[in-house]
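Okay, so subunit A shows up in both of these, paired with subunit B first and subunit C after.
== the complex of A and B ==
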């Protein structure tokens, strides 16, 4: 058919994603140029063509399927009509965002031995200039030519043999690519790295676990810091005005046996704010001192210039895996609010500095202790959203308890170092999930939309007064199917406006952009990328 | 959400698919109860809710995804609101046909050693009474409880170690399950079997390769018949009035080296008509005597009571892998017409009995000989369609040549026995594909719709004056994506009315039925079953 050939010949012009464009991303609602849509971490689209009055007409515009059984955790990016999306484990495809037709694919040859805690996954790429950047499960950072997929450079970030892997989407800041690292279940020492976009040369590294003598090292004893964890596997945010990269860190290692690492274990389970040019720590806030429940702070920091108790203030909103919704001052990390957004049985509350007041008998034991939230948290890495119109914060929440068991903790490089029993009962209780809207001024719940499975996907809000989310949980695709609905809610009241059964696991985040002159919504499900538009 | 629980509780009543209902399938257009939709092999839906005037509004109603990377070749069945579809290699799922939500799954444990020529695939199940029947790649026939998926019986049909496998959908006739066998690339001796639906006991077997002394054995010499091929891996049709099962047989073994099997090699590459109660041969027509090009007659026989040269006659229409469209008399196998529907360079034409007049220098040689059509044929197992309104025959055709190479042919049980080089150059030429409408009275082409890839999927026609087909070729899903459009054409003139990019291989056949009060169209693509309806 002649039109196919024409379509290929007239493929969209590949643009230059400049730093300037990334800074002003909200002014280009037709694009989705960075993981959260903007540096502020809002996952909000200013597009309103699809809205509460017409969303029931939404239909599948195209599908792209990947030859994978691993779940897709990637957030696709869209720049100038081209979609860049990673395929698990560490591949990339460039698609025509209007039709789903592939332009090129990058396929990485991987060694057999890959240490990832929870699947050989990837959460997306970053785009800058004519380059696409990918972190790989064998702990490399790769730059690809955005027009061809050809490798421009490939640098080893860390040693895969000691349990390091790169699963998160990099973040572009100025002429740098910022990447975190995963491996909290292997006793890595976490860090955040900045690489030169052109050369792949490392510009700085911030170790999330300080070495003896450095500030924070007093929260460790002995050599525990060497395999102290604090990974950085979810993409952070950037405050350009303050020149601060704000990023979350994961659990200290080993996860469930804190005996081998007395102390608060800084900067695990923290929000860290780094000077973008030097990687120096400007402030930190530790959500869970001496965590023994695997409550990573690997959420996207949501940066809002809002009113706080009557005066304007630079804020961070943060719904944490530990069950609390936090508000921090973004200039200094000061704690302003900490209120449960889901059932939790581990803390009486917070002291004035935001340090949790722990209840007794919540620590893991050999026989196991039930605590809410469970091991996967009250939320996890999947993205929240902030809608500037409703001024509400939206999060996928889990209601479930977990059985926490303490076990031996012997560090053997490249082996799991979790300090528990080999088979953790992750699904001790079926529990349920919900999309919750939170009033960030108080932490109060405004509405919730319950789903009887526990969603493993984030939410998107749009100026069409919609919230997109899914029921699709985190499952082995080999096991029994869970509910697989992708849905749209009224962002003001949580009422369901539309849904479709996509039949596959949804373990990713929706996005929105314009292609072919239309607003599109995209959500990965199962082995496919599904694009929706109005007829 | 409460409605989920309600939906599960009110699951559609499971009906009884009686033989009576199968006989009158065209009178129940809301169902799709047997492989081709009816015993006549038409793959035609009498539904017209979706038609040329509204098909552009067609949208995805639901998706069901399978945890597989193997291609889906199954035709789903729908009976009383429940869809039964096999998942490769040998699993089954029952879905709510209106929503795609699964009721149950049967998962077969398979041995490691499976001999299939071309993927561990399955083309669908059969349904009768409260039973679902599945052929497996380890050469068993299994009966499942249609309500639960529980195994009722499981019989060994043949020895998997000698290259037998069951990949085709069984056919229900009276109280029997008819199943063929695959293994033409392993030197099996083909047969067609009938089993009692209740007990799994075999009622008869017809050997497609006769043993010495039987009629047809004069077309063999020596012991070649023992591994003579003639598999039966695509579902046939049934002429209830004549009590005849009409079925196609595959290539003689070894495929490309005929030296070891002089003679016509009956009943390979033939249409065979068997008495349904006894399995005795009533007539046969061999399309390719002494085939050395792998031109299986594994197409669905299309049974039409039509006019032939001015008088009514019981006919079979057959577009064959060898490039010719045939019309036979269904009462006796008499040859009436043989005319190319695609480029072929191997035959001058047909003699009055339908025996091809071969051109010189077309046989495989060690260095290779180019012949049209190529090794995958001018069409293959995917279904044609007959539309009683247009009275046209529709087929997915390939235009491509193949390089035919002869090699050694030593029979070693359980090993490939193809008589060629280990790596055949299947894709010697890219070629192209087309949907073609053929006037069966003359074999003339009425229209064609070209696609630049070679589709590996069949066609469906509907009373809405539509033909559904796809561009999606037969590919390793690991390789570069081919075009993946599912489309609707005007059945009268081939004009494209609608299409969608489903992003995955389409190697199956569309169906239509009613669910939730609406006409639906279903097509597998990639790892998903896609259901379409009007808004």
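== the complex of A and C ==
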């Protein structure tokens, strides 16, 4: 009997990421159990073993090299000493988090033609109970046994032949696994889905583009809604108290030619808040009505219970691809603040409801129009961070402009439906990047750490008063520009405390956890997962 | 019978049936919306390889280009497409124009005189042609395959119009007053990497620099000569072709 109890207790403690544990994730700083570390989307580790006084001693503890050529965009998860990380395009490996040595691999056989906009990538898995969940580039959702990698179920979420793919990390909410979809460059009709963790049965679907007759359909004309876009390819956050899933939606399709879709095009480029049990929309806030610049709202919503103008309020912080930092009330989506955090030339400002007041001559044209930010935005999908100690918001920012062109947009199922292509990384004016600390009460910049090339990775803050981030690091076959520095900054003032060159593509997010009794910092680069600890 | 049928298919697949100017235009339109994001708006490269050099790393035949565009390249970020065969052939035709934008016909001018001019003007002092010359400017061994005639002419007249980053020059002054000058090989947040004439390849830390200036102009002087000399020089450059078998 005693032995049985012990076994049961052990079972519960190891490899059993329960919903209760996810709710209290910040109380288990040794783990990294969900995409952003916690439901609040903070990407903050409460660990302080590595801190401003000793971070200069940080050393490589182990490196795991993936047998892949695709870009790693995954945030690894760590639960009870095991790291679960996706290998692009749609594989998963379980590693010993202390040594980097693999336990098992799930390898998916994929059809020849996969149409993803920007590489066959994956941003990570979700873990719950003894299951690991993976969205695949052929638009399936797969449940794996967390101890062996065996397939428990495999359901088709959408049709890959029409440009649907799953690239984002799923989110666990209660007994469900929530997944978004990608395909905004292929004219998909976006949605957010909830599946039963045990059976793979779909519990609900929220269409981000309403059909005729539904609320919001008045912001569309004709049949444009059918290929209206609004994908959901970056993991959202969860407000358990209000039972609200808060998620960002992507661009309307076609991206740069809005002629076929007059109107605001709800709920593209929006924050949406859904009832977790029914998938019904509670509120929305559209950052960019009738977007023609591809400024997805695919950022992780940062949920903070803070003071707003003298009274406590439930807030969402959001640094958007369009160059503005927003504060919203997350009980109703009310706009509270919108202030540029990077150079932008498209809006005079915001009206009282947060609707941007557009400047003239900013829409793409056949000859091209220069607008700041460029098409990859002032930030993108990589994660921001909130540090409860400094109460500052941190974001990877881009200072760059783009030449926005408009062209024909013919819908051919499975092919790109974008309406020309803008020019970015203008050779003469490549722009630069920065890590910026923002005071969320005002939107003011507190400090910045400038980097030469524009970074494609997010930031992590820790209770050691550190911020981990990186410079650019992006494959460009014709140039030698790729720099791939991973660094630690003092979260108070942005001063550099440590850095290392990892030499490969940097297009992911750092995490922190404890393994082998030590705090680890992990960042992917190139084909490798790099783990750092103090000696 | 089946064998004959298959052979016919293979033969069909090896010959591009859509090579008219209108096909190139149609292919270009598809290219700009489907390929340019990685290969650049003018095929100059970016995330994907430069397509203007006439070198295709996964096969240079029409059949190879057709297959690679249709199916994509496993193990790379190159996806397949869902276009009709005719449309893919049009893309192939357009991609061919990127490395052969000018006429396939020899331009006007006397290449022999142009070659003499190339020598007498000292062009080899900076440019390499088939192993002879220096490398202070772009190699010109296959420039006739890589650039259209108009571009060659314009580059000679207005060298600053298009300068590859590899030929930008920098002047870096250290705190102690020493100045290094050279081509910018690479730059990052913390370092600049130069090819200097005095010290060869050199990495300098930005924090040690008092002054750092990059000159994006060409080191090449604009061509000074008669119109007919210019025509001859361009005619010579056009003859610098990649061997047909490699195209």
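Everything that follows uses one rule, which is that the second predicted complex is superposed on the first by the 504 of 535 C-alpha atoms of A that agree within 3 Å, B and C clash if a C-alpha of one lies under 4 Å from a C-alpha of the other, contacts with A are read in each partner's own complex, and residues count from 1 in each chain.
Keep this in mind: contacts are C-beta pairs under 8 Å (C-beta built on N, C-alpha and C of every residue); 3 or more make two chains touch, one makes a residue touch a chain.
Since the model is a prediction, treat every value here as computed from it, not as a measurement.
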Worksheet item: First (subunit B), second (subunit C), both or neither: which does A:408 touch?
Response: second
Worksheet item: After lining up the shared chain so the two structures overlap, which partner does A:366 touch, if you call subunit B first and subunit C second: first, second, both or neither?
Response: neither
Discussion item. With both complexes superposed on chain A, which partner does A:100 reach: first (subunit B), second (subunit C), both or neither?
Written reply: first
Item to complete: For A:526, select first, second, both or neither according to whether it touches subunit B, subunit C, the two together, or no partner.
Response: first
Worksheet item: Is A:71 contacted by the first partner subunit B, the second partner subunit C, both or neither?
Response: second
Worksheet item: Does the superposition put A:419 against subunit B (first), subunit C (second), both, or neither?
Response: second
Discussion item. Quick check for you: in the superposed arrangement, does A:222 touch first (subunit B), second (subunit C), both or neither?
Written reply: neither
Worksheet item: Where does A:60 make contact in the superposed view: on subunit B (first), on subunit C (second), on both, or on neither?
Response: first
Worksheet item: Of the partners subunit B and subunit C, which touch A:483 in the superposed model: first, second, both, neither?
Response: both
Practice prompt. Mind sorting out which residues of subunit A both subunit B and subunit C touch, each in its own complex?
Written response: 69, 450-452, 477-478, 480-481, 483
Worksheet item: Which residues, counting only subunit C, touch subunit A once they are in their complex?
Response: 29, 32-34, 36-37, 41, 44-50, 71-72, 74-77, 79-83, 165, 185-190, 216
Worksheet, complete the sentence: Counting only contacts in the complex, subunit B reaches subunit A at residues 1, 4-5, 57, 59-65, 67-69, 99-102, 105, 449-452, 477-478, 480-481, 483-484, 496, 500-504, 525-530, 535
Worksheet entry | Residues of subunit A that touch subunit C when the two form their complex | 69-71, 112-116, 118-120, 161, 405, 407-409, 412-416, 418-421, 423, 425, 427-428, 450-453, 471, 474-481, 483, 485, 499
